[in-house]
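Note that subunit A is present in both complexes that follow, paired respectively with subunit B and with subunit C.
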Partner chain A sequence: MIRCDELTKYFNGTRALKKCSFEITEPTLTGVIGVNGAGKTTLFKSLAGFLKPTGGSAFVFNEPAFQNINVAQNVMLIEEGMQFYPKTSLYELIDSYQRFYKSYDVTLAQGLLNYFNLPGDAHYNQLSKGMASTFRLILALAARAPITLLDEPTTGMDPSVRKDVYELILKDYIKSPRMILISSHYLGEMEKILDQILLIDEGRVLEHGALEEFQHLFVAIKGSPELITPIEEKLHVFEGKDFGPGIRQIVVKREEFKNLHLWDEVKESITVNSISPEDSFIYLTRRKGGGIHELYDS
Partner chain B sequence: MKQLEGTEPIYIQIGDWLENEILSGRVKPEEKIYSQYKLSEIFGINPATALKGLNLLVEKGIVYKKRGLGMFVSSEALKLLKKERRGQVMTEQVRALVEEAKRLDVPIEELIKMIEKEMNKGGKRNDSMR
Partner chain C sequence: MNSTIHNESQMEIALKQTKDKLINNSGAFLYLILMQMVGYFFAFNAGMSGGGTDEVFVSVRSISAIPLHVLTIAWILVMALNLAGEKSREYYLVSNNFTAYFSDIALIEIYSVIGGLTLVFAGPFLQVLGSLFFDNVHLHSDFGDVGIGNQLILFLISTVYLLMFGAAAYAFGILRTRFNLRFILGTIGTIAVLIAGSIIALRIGGPQLNFDPESLVGFYLFEHRPVIWLGKVVLTVAGLYGISYLGIRNLEVNE
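Now for the complex of A and B:
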């Protein structure tokens, strides 16, 4: 069980998390999505007990997470910046983690090292960026920790390995269902293995729910400007684009659009398409006031 | 692993795929349908998403749950599916066809002839008609 109550963290006056609240009580593969600097890594480090909250609290199994041994034994966090003892082989690193995590599956770790062609006697700092990411993921999944936090696990991996890795995470989750949170600034190829999304923006939770809710969030409406403009005036428009003369497209929230009472003739002359979750996040987290074009076209 | 390609939400694509499996006779009435974990493996998707796809069919009465045994195709499944597809899919496709015919000034008699010709082609049922 994970719970954050108005979790707030400042670093030297700079906001990383601001009144971040959510709860996870069931096994899940949750995608933690947000732009760079949204607060994803700080959230993970707070849940792992590495950071002391400036305000609010982070609970794991009903205990405050910060420097709590019960929490530490149940949470596995990997991130790009984690430090390992130098001059220690990958085998030895796995062995040291195996001593700490009760359910550690060493056979799985060794099988995965072989599968991904990682030499067990190599040192961590000899690995390429992508291989180091693969090793951290192996280390984390084999821990079988009830709460597994994967911060940008595919950094530096090439596309074929990334695909394998998502399949691996899904298989491991099905074999041993637990709370696995994966952070990423983009959702694309990861989407299909997830069941929940936690959308972080400017240090707070913007949305938290089933993947499907995001698939229904926005619609793109296309038609002649005479039909689109009156709709545009009534709704909050997230994006408006002209496709040559006579065709205009706007992006609006599905719910708002559904509540409009349009004439049947209008309905039949416009097309309505769903927006992918990936693009929905872009609309949700877009900074207020215009896009890049406003910087150049003024 | 099968690839899903579409803009529809994944669970809806799973529902459509299952319906096609039933319509094509690959899974027959009163047989056990793919479990959520089997679907998860076939498509590489989260089991919760797979279950949502299965539940779409449960809601329509195409699939029913047997306690402790899993989900089975109902005896009414084919009847229900054909009725639904005729109602929705066929109406949409006919509308698109008629619109195109109007744009190209194809008279109604010619359109009907084209449809008849297509139906007589290659015997009884081909794959695209399932």
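Now for the complex of A and C:
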């Protein structure tokens, strides 16, 4: 069980997390989505017990996470900046990890090393960026920790390997269901494997729920400007663009559009489409000041 | 949930961590050998005098074990600073500040014992090495004609001094890791205050006021009462470990 109650973290006066609250109680594959600097890594490090909250709390298995040995032995965190002993081979690193994580699956780790053509006797520092990411992922999945935190696990990987990696995460999750949290800013490529989305922006949780809910958050309404403009005036428009002189499209929140009760009047003249979770993520986290279109059209 | 939740004690994890650090820092013993080889080299070249006639030339060379001791101390200083500085690796394995601290201390103690043991054999080893190059080798009375009891005391003293240096370096390293720039600024500030204080004290107290740095070393080295000496070193080591623990207690891992 993971629970954050108004978790807040500052680094030398700079806010990384601000009153971040959410709870995960069941085994799920959760995508932690946010732009660079949203607070994803800080959240993961807080859950792993590396960081002391400035305010609020992070609980894992109903215990405060910071420097808690019961939490540490049941949480596996990987991230790009993690460090290893420089003169240790990949085989030796796997051996080290299996001494600490009691459910460690060495056979799986070695099988995956072979599958991804990683030289077991090489040192971690000798690996390319993509290979190092693959190795960290292998370490994490084979640990079989009840809570697995994968911070940007596909950094530097080729597109073909990334596809393989997401399949691997899904397979592993099906075989050994547990709480797996994957952070990324590329929602599009991993949405197929996720159960839940935790959207973080500027250190706060913007949305947390099933992927389907996220898919239905926004709608794109397309029609003639005479029909679209009145809607535009009543709702908060996340994006608006013209497709030639007679067609305009706006993106609004589905709930807000439904509350206008206009559907019966205009259904013959406009088209309403769902938008992808990736686009929903972009609209939710976009900075103020309008989109690129407004910048060029003004 | 299919994954099993584990609850090993802190002590079990700390012992595993000690073993892991020993394996991953096994190069430390190679560095010790290398440092001591350099120490032996300097020991042989410490000083020489000679003289005689055309037929007979007598060479007298004094071989000193001091370079060996100095380099062994340098070795433990580097090892302890290393342990204090590389704090983030172990946390990605299973760790918390207590287990990290415990395993570091255990490793410093192991290093001190190994270092102490090698220094006990330095005297006889120097004699054997000397006899390879010289006709007559006489060992200094500090090394010659000593029984097993003296060897044991020599071992104990070497180990405890290494431990003290190791603990001091570790405390320094932990404070540096914990407080980063503030520690460096604090150190510079302290030095500045000490210098300024000395100048002011000298102006007020006059030239008769003097500080002898040897008295600081003498506090330990010239203490001939065994129990008092032991008390001094144990308290010093405990104090240094205490400072290290306070430094590491709420340390965050964020590199």
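Everything that follows uses one rule, which is that the second predicted complex is superposed on the first by the 287 of 298 C-alpha atoms of A that agree within 3 Å, B and C clash if a C-alpha of one lies under 4 Å from a C-alpha of the other, contacts with A are read in each partner's own complex, and residues count from 1 in each chain.
FYI, contacts are C-beta pairs under 8 Å (C-beta built on N, C-alpha and C of every residue); 3 or more make two chains touch, one makes a residue touch a chain.
Remember, it's a predicted structure, so these values are computed and weren't measured experimentally.
Engineer: When the two structures are overlaid on chain A, which partner does A:Ile193 contact: first (subunit B), second (subunit C), both, or neither?
Structural biologist: first
Engineer: In the overlay, answer first, second, both or neither for which of subunit B and subunit C A:Lys87 touches.
Structural biologist: second
Engineer: Quick check for you: in the superposed arrangement, does A:Leu170 touch first (subunit B), second (subunit C), both or neither?
Structural biologist: The answer is first: A:Leu170 touches subunit B but not subunit C.
Engineer: Thinking of the overlay built on chain A, is A:Leu77 touched by subunit B (first), by subunit C (second), by both, or by neither?
Structural biologist: In the superposition, A:Leu77 contacts subunit C only.
Engineer: Touch check for A:Leu29: first (subunit B), second (subunit C), both, or neither?
Structural biologist: Touch partner of A:Leu29: subunit B, not subunit C.
Engineer: Identify the partner contact of A:Leu260: answer first if only subunit B is touched, second if only subunit C is, both if each is, neither if none is.
Structural biologist: neither
Engineer: Comparing subunit B against subunit C, which has contacts with more of the residues in subunit A?
Structural biologist: C
Engineer: Please work out whether A:Val106 is in contact with subunit B alone, subunit C alone, both, or neither, and reply first, second, both or neither.
Structural biologist: It touches nothing on subunit B or subunit C.
Engineer: Tell me, which parts of subunit B touch subunit A in their complex?
Structural biologist: It is residues 1, 4, 7-11, 37, 40-41, 43-49, 52 of subunit B that touch subunit A.
Engineer: Give the list of subunit C residues in touch with subunit A in this complex.
Structural biologist: Residue positions touching the partner: 1-10, 13, 16, 19-20, 23-24, 27, 86, 88-89, 91-99, 250, 252-255.
Engineer: Quick one: in the complex, what on subunit A touches subunit B?
Structural biologist: 28-29, 166-167, 170, 174, 191-195, 210-212, 215-216, 273-274, 276
Engineer: How about subunit A: which of its residues touch subunit C in the complex?
Structural biologist: For subunit A paired with subunit C, touching residues are 11, 27, 45, 49-52, 61, 67-70, 72-74, 77-78, 81-85, 87-88, 96-97, 99-103, 144-146, 176-179.
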